[in-house]
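Below: the structure, in structure tokens.
Naming follows writing order (A, B, C and D), and every chain is counted from residue 1.
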Amino acid sequence: MTNVLDKGFIELLEVFGDDLTVVNAARVSFAKQSDEMNSKDEKLIEYLASHHHITPFFHPQLRFRIKMPIYVAREWFRHGIGFARNEVSRRYVDTVPECYNPTDIRERDQHVKQGSKCTNIEENELVSQRIRDIQNELIEKYKNLLELNVAPELARGILPQSMYTEFIETGSLSAYARLCNLRLDPHAQYEIRQYAQALSDLIEPKFPVSWASLTK
Amino acid sequence: MTNVLDKGFIELLEVFGDDLTVVNAARVSFAKQSDEMNSKDEKLIEYLASHHHITPFFHPQLRFRIKMPIYVAREWFRHGIGFARNEVSRRYVDTVPECYNPTDIRERDQHVKQGSKCTNIEENELVSQRIRDIQNELIEKYKNLLELNVAPELARGILPQSMYTEFIETGSLSAYARLCNLRLDPHAQYEIRQYAQALSDLIEPKFPVSWASLTK
Amino acid sequence: MTNVLDKGFIELLEVFGDDLTVVNAARVSFAKQSDEMNSKDEKLIEYLASHHHITPFFHPQLRFRIKMPIYVAREWFRHGIGFARNEVSRRYVDTVPECYNPTDIRERDQHVKQGSKCTNIEENELVSQRIRDIQNELIEKYKNLLELNVAPELARGILPQSMYTEFIETGSLSAYARLCNLRLDPHAQYEIRQYAQALSDLIEPKFPVSWASLTK
Amino acid sequence: MTNVLDKGFIELLEVFGDDLTVVNAARVSFAKQSDEMNSKDEKLIEYLASHHHITPFFHPQLRFRIKMPIYVAREWFRHGIGFARNEVSRRYVDTVPECYNPTDIRERDQHVKQGSKCTNIEENELVSQRIRDIQNELIEKYKNLLELNVAPELARGILPQSMYTEFIETGSLSAYARLCNLRLDPHAQYEIRQYAQALSDLIEPKFPVSWASLTK
């Protein structure tokens, strides 16, 4: 389990296949098969990845348990093809929520397509504390709504988008490579890059040749 | 454009195909074609739908512009297969947000799988007003964070999940039928049912035979 | 490995997950988890399947090696969503092909939507032998084209559609259930039903509760 | 309708959207909209395509009627994501089939991954005629099987893989760009390249900016 941000994590639950799965899916075209990875197999994987022959990379699968802030999850879930997901529902769950409280409050970048600068605002500590106060206050107000017998599916409406959510996700190696390539880009938001990096670090040892080829 | 909830809407932008598209996609199996719907074609559509031969219903497409609260959108987006979506991003947009403020505050149902009762809580008006106050306060605090030069991608973290978002969505007739069948179910949350109903009412006149067959 | 038809087979290569995977994907909605299947879990699976809540069934995956006649594979491959496939290519492979030679030559059914009767034609043996002769002759002519230096990608054009092909396929439990439900139907062609049955028999012991619920 | 090979064709049936559809799907992120394409919109499309931001290209759709040889269709259908297809079925149709008869019989290339040389074999005309004879003979034998009351679903087993099939296909602009990029590659088989080129020529005038950006 890799901790991400202040209270999030990514946990690799199960892996289906390895580099050899990719090789043998590709070699079936030639009615051949490898029993063990060799240097020819490595070259094959590199060739497949660099020529966008991605179907062999659809066969391996990975399953994760992930906890991330809702506004990060909303970007993460835009990657739909090749993924299965089931998520905690605040229609049914009314435990005390947790929120992401950043300690580095990044400045706005004047260039709108760039989400933020890498420098913090002047009143960094003060604002970080203020955000925590707002979050705590909202959690108190949420509890209060529940005490007044408000249905959780409505009460959740006041909870902030920095609230953590949790989900189980199964995806193909190909789908994860595409996600990481887009979300490790320096234009991606800092928070989602931390998750993409943690994911990449968990996948790499399981598919060393494929992952190097797909993400370079 | 159909208004939904207090500030949301569904607008049908464009339609691709009609009932005849379904018929001719199916009739290609028999190397046949219809130029105009007749009663045989209607029976064919009913047969296809009732026997789960859904591929002909993948060909027609519809495009919508939709404005809905984030916590509703998060359920809506669980429907991924057969949909394309692009959504407003609060990394780039920092206009004053709008929130869903329910006037009927439904009671919790003791049965957890049922999200709410159809009756309102006792202090209905008071709580509705309190929710509005919380939302307005959060919007003020959000503006204040922006004034302190906080990057919008971080400032959005305090905005509530009842905030409205907007997106453009293209989906196949088959995908919309599946969405509506699940989200018009009485177990679905009241708010998402309003959107599913508005959607269904917009689709029905464009595909009268197919829609009746797919959603019965 | 299960033999199917005269020279085909289905081999289960690898399984990803079990009934508990389905249960825990579903229970994440309630922030719960099971460590071992119990009777509540079984009821949950039945509830999910009967209410078309299929997302938890997307997480488990299975991988097969399959050898089937081309005209059967062409129907099989119509099932695309949730599957990854890599197939032998006769652009690259020019070994002697094998063909499906039916020994029961079913009669035409007068009802066109029914592909065949379950009775054989009168001259059953004679025609079965004739089909084998045609297949063998074509294989000889194919070899002859190769001797004349014709590119395999063109020479294959004379090979019959009853020729066997081989492929590796990864699919989700949900995708296989949908395939089997459609292809075990008595309206499906006899040959594809044999493959669907063999598949179903291989999946059932790995996911006893889910498979029973999804295919009833 | 564009003729392809000796008896095939691609016919563009209907188009859903234009370059502006792509622009407005992308601009929704910034809560903006264009009413008419301008030079900024063109640059946006180029930016999206070159940075692999492909979701806006999922919204436009095209529908085609296509007639191609079975062995070409089998490669074509490997492109599954983003496509809907319905095809003529020889379980139900027993009209006289047509076959692709190449007049240029390309030589085998010694490099196995290259399907053929661009030069013809020595006995080009003779072999082209021989292939036609084999095809005609098979069609006669097929008719004969039907006369003996063999079910069409079995009789089709002797028909050659160069037989033409016909289908209706709906795909997203993004899916067609991916198909064309792979199938216009000089390593792709000559026959499929003809279809990819015809397709590209039909799409280009409908989405001039997007198509240029996606296929360069």
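The rule is simple: a contact is a pair of C-beta atoms (placed from the backbone, for glycine too) under 8 Å apart; a residue touches a chain by one contact, two chains touch by 3 or more.
Please read these numbers as outputs of a predicted model, since none were measured by experiment.
A rotation of 180 degrees, rounded to a multiple of 5, brings the CA atoms of chain B into register with those of chain D.
In this structure chain A contacts its sequence twin chain B using mostly the same residue numbers, the overlap exceeding half. Centroids of chain B and chain C (each the mean of its C-alpha atoms) stand 36 Å apart. Work out the mean CA point of chain A and of chain B, and you get 25 Å between them.
Looking at chain B, residues 30, 55, 78, 81, 85, 92, 112 sit in touch with two or more other chains. On the chain C side of its complex with chain D, the touching residues are 69-71, 74, 77-78, 80-81, 83, 85, 90-92, 99-100, 102, 105-109, 112-113, 115-117, 121-123, 127, 131, 134-135, 138, 141, 145-146, 148-154, 156-163, 189.
Across the interface of their complex, chain D is touched by residues 14, 16-17, 21, 24-26, 28-31, 55-56, 58-59, 61, 63, 65, 84-89, 92-93, 95, 166-168, 170, 172 of chain B. Residues 30, 52, 55, 78, 81, 112, 181-182 of chain C are the ones that touch chain B when the two sit in their complex.
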